[in-house]
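What follows are several structures.
Each of the next two complexes has subunit A plus one other chain: subunit B in the first, subunit C in the second.
Then we have the complex of A and B:
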């Protein structure tokens, strides 16, 4: 088990190197640079700035210097935002995205699992159909539509929650719901499917025949098995939730990493873009590893080697 | 009823759990009825006045710092600020500023003439690479120092005669010198504060943050949560602290227009940086008292790439301009109260009498095009019209495309690009016609006209004219205001005659304002003098 984890972590190094290399050269391939602006700076100023950020050196040398920096844990200065390093920006922004992701995950799990279970326990009833329709709606509604709709109804008309911002717990309800809704919908459908499959198995029928209580049948006998596909889905899903959503962060004015990342890409803030990509790569790798471990724990048939 | 009990439990849990997890208690946002809450567009790149270039930074910095003079928003004339008074030599080349003895830094120490010299030296130091250093090039010797031709700052025309007297020597008469003093490029910075945090000319010197940023304006920095808020409070050491009526300002960097409008509608912002275009008619109809729309010193125009045929023929370019019905564009397409433009320099430049513009004249346009050898557009290749991705730019481009096709028979394809790609295309002259704009840094016609000097970084058309360059350079040296204005007007007339650009409309400064905000004087600079403002909160309102 520990050997497996170590092996997976060691595999991360070449993956990160590849990600950094691709991100570095892709960012440079995009037309325009960090210091292009509608009012063009005088050539002398531009020359000085480029020299400061070593943009005047050959690309291979910049790449080597950057890699050397990353190896020492230095992601470099932000090109567009002087006075703060990329590491500092990420440390400022990532916790907010992680927090939002955690709440959205809670929403997704609570609504998705409960909805899915409820539908599976009463298949082909009006309730099942309503839940199914709800899940379908959740999958179809993009967050850039769901977000403003929720704000309009729950914030501007009903006044239950603030319109945007990220200071009090009340601020966090609508964005968490907006981000979590899609995942809740997927989870509900996934849970319903796998639960129905489980409840149709022979050992469930045997358990019922033995007179095991219904609650116990569902929670102890069927649920763990039904969670295997769910946990496999959760790995990549969590990566999506935790890395921050540009759309949700923009709509709700949340100071997370997603907004920073997209803004940096538009501004050609090279170091910031690559820094964010590295964080995302690490997160995706670690969360996938976690999902694999959980799946193995739930399903003894899976061997980790 | 298999599973009914369980279903009920899970259902209730699913409804309740998320809110419990969130600790939701609907506590709502903190109520801060005393503070002015300002939507400020993009997140400021920095609060170091020597390293920024945008409008959102200017908003915050003009509350934190104060220059030698300020601009009266009603008259647009300079008024004393840090300098209580000044005198100029008859040729307008030597200025002496006498500092207000009450001027202090936010740490209580006095602001001296030496602080200005220090700041300007830092601004001009080549290693810092300040993008706005050129604003100081009117100082004698400043350009040479900025470009690294000398490292001796005593060659630059800025000297502290004593703690209270600053002498400035100019390279050429600069009638807008005083008006420029409200621009962040000219603000003083405190040497001890900068150097306690790092090297003076290091771009990443982190001094401009809460705790270490020392400023001399009406407000001081309390908190800066990037992408969340910048919080200022009244500076007790400000030279006229008693006249500042706002206890504090909170700037919110809401870069999304729709989100900003929703925050305003919910009463969480007092001022916005802009209004979504589609909301303007709604506010005009339902809440006109909240909608502010004022003329603004900015021009929206198209550039023509004069290095390519057929746009290398001035007759073709003028025909394209004359075929643009800018009144219809402003009134039917944009509908935001924009003013149709027939020239480059907007109204409201002190002492400037603009030349005759390029009228909308479809018949004349057809005739010119025929003279150029393309009757009814025959033989003309298809032109491309480049713009950066934006709904408004697309609307205007589509209307222009239709006008050119219907009036001149010229076919135009639209090409939209991401912002940086679009800038790169313009720089490398990889376009036929490109959408563009210029907003005044200082309220002077020369600020618009000098963009089109041969080879200038902001020219981006390939156009050049020796006569034009000479007129502008003569205007630089001319001390007499009237003669200077005539020279500039002749330059603009020449520019319009050659038409490397097609003026489209003059901007408006459009934003939302809570009527509880008092004292704001709208002006074509979009300049908010924070000391003018106060709040009269309604009972029970926020």
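Then we have the complex of A and C:
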């Protein structure tokens, strides 16, 4: 188990190196530097700036220095937001994105599992059909449509929630729901399918024949097995939730890493872009690892090697 | 799954919806009297009416005409990017599956590693590096959407390789290129077609997502993503500017996904 985790973490190193290298050279390939914008700075100042950002050194040296910095947790200075380093910016913004992702995950799990279970226990009833239609709607409404529609109806017309921002609990309802809805829909379909499959198994029939109560059959006998595909899906789902919040953060003006990243992409703030990419890659890898561990714990037949 | 007739009916139903949407977008300039860029500043933003079925935007441009023009861009990018992913995915998958052994392991390992990366992040990085052009947009999207296709094609090739007719052409001593292109790839058609129909909506979604953030299609060109973005900005005063594009976009995505699912069930590539 521990050996497996260590092995997976060791595998992460070459992947991260590849990510950093690709991102670094892609950013450097870009035509035009970040400083040849609006006003031409005097050459003397320009030279100082370039020296500060090490742009005056040969590319391979910049690359080596950058790698050395990353190894020590230093992602360099931001090109567009002086005063704070990229590491500091990320530490400032990331918690907000993680908080949003956690709420969205809670929304997705609560709605998805409850909806999927309810549909699986009453298959082919009106309830099942309503839930199925809801799940389909959730899948076909991307966050950049669902978010504005929710704002329009729940905030502007009905006035239940604030339009944008991230200061009070009321501010967090619509963004969390917007981000979580898609995954709630996927989870509901997945839970319904795998639960129905489980309930059709022989050992469930045997348990019922032994007179085990229906509640116990569902919760103790069927549910853990039905959760295996669900937890396998949770890895990519969590990765999507924690790294896919660009749109939601942009719509609701949430000061998270997603919005920072999109802004940096707009402003060609290279160090910020690469820094965010590294953080996202690490996050996705760790979440996938966590999901694999949970899946193996739920299904002892899966061997971790 | 149980009755193929019902599946084929679903396939036809969604195919008709999509054909209508695509046809109306393509023939828009001949069907509808307003040009997408014809301004009527005196009129300004007006609600849907008999003259303008979906209303007009702030500059008095007809929204239905804009929607048709946006559809041409969105569907065009969707098809072009899907084509890119198709070419990369099918080539990669066939070569890996046919070569087998160490080459296969290395190639699929690369796919596994890429799978673990956050894609939208990479598309955004690509727009930083190469600027925001339409060509780049669909090359970038295609370049990140080929992984699942490669996996499906590889699995299929592996099983084809065992079949007698492939063994026969190998024994006949045909060159590998010819075996791959003439004998293996044509037999991959079924699953490839099915998965392609599922890739188109994913690609269109990614394009709209990028355009919504302002990193995709750039003005004066418009796509459904940019129309939704424009609509969101003024949704409080002029909700029809959001609702029209939103409904058309969601409906198209739904039909594409449903078509792919129905084809999947009808042809059931897993059991072939």
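Observations on the model:
The working rule: the second predicted complex is superposed on the first by the 293 of 305 C-alpha atoms of A that agree within 3 Å, B and C clash if a C-alpha of one lies under 4 Å from a C-alpha of the other, contacts with A are read in each partner's own complex, and residues count from 1 in each chain.
Going forward, a residue touches a chain if its C-beta (ideal position, glycine included) is under 8 Å from a C-beta of that chain, and two chains touch if they have at least 3 such contacts.
Model, not experiment: these values are computed from the prediction.
If you count the residues of subunit A touched by subunit B and by subunit C, you find the higher number for B. Touch criterion met: A:250 reaches subunit B and subunit C at once. Once the two complexes are laid over each other on the shared chain, residue contacts for A:178 go to neither subunit B nor subunit C.
Looking at the shared chain after the overlay, A:136 reaches subunit C, while subunit B stays out of its contact range.
Touch criterion met: A:148 reaches subunit B and subunit C at once. Judged by the touch definition given at the top, the superposed model places A:19 against subunit C, while subunit B stays out of reach.
Of the two partner chains placed around the shared chain by superposition, subunit C is the only one that A:261 touches, whereas subunit B remains out of contact.
In the superposition on chain A, A:162 makes contact with subunit B only, while subunit C stays out of contact range.
In the superposition on chain A, contact of A:29 is made with subunit C only, not with subunit B. Applying the stated contact rule after C-alpha superposition, one finds that A:281 touches subunit C and leaves subunit B untouched.
Under the contact criterion defined above, the residues of subunit A that touch both subunit B in one complex and subunit C in the other are 30-31, 148, 151, 156, 250-251, 266, 268.
If you check the complex, the residues on subunit B that touch subunit A are 2-3, 5-7, 10-11, 13-14, 17-19, 21-30, 43, 45-46, 48, 51, 53, 126-131, 133-134, 146-148, 203-209, 225-228, 252, 254-256, 258-259, 262-263, 265-266, 268, 418-421, 423-425, 427, 436-438, 457-458.
Of all the residues in subunit C, the ones that touch subunit A in their complex are 113, 116-118, 120-122, 124-131, 205, 208-209, 212-215, 225, 228-229, 231-232, 235-236, 239, 242, 246, 249-250, 253-254, 257. Only residues 15, 18-19, 23, 26-27, 29-31, 136, 139-142, 144-145, 148-149, 151-152, 156, 239, 243-244, 246-247, 250-251, 261-262, 265-266, 268, 270, 273, 276-277, 280-281, 284-285, 288 of subunit A touch subunit C when the two sit together in their complex.
Every residue of subunit A that touches subunit B in the complex is listed here, in rising order: 30-33, 35-49, 51-52, 77, 80-85, 89, 92-93, 103, 106-107, 110-111, 113-115, 117-118, 121-122, 127, 148, 151, 155-156, 160-173, 176-177, 180, 214-215, 218-219, 250-253, 255, 259-260, 263, 266-268.
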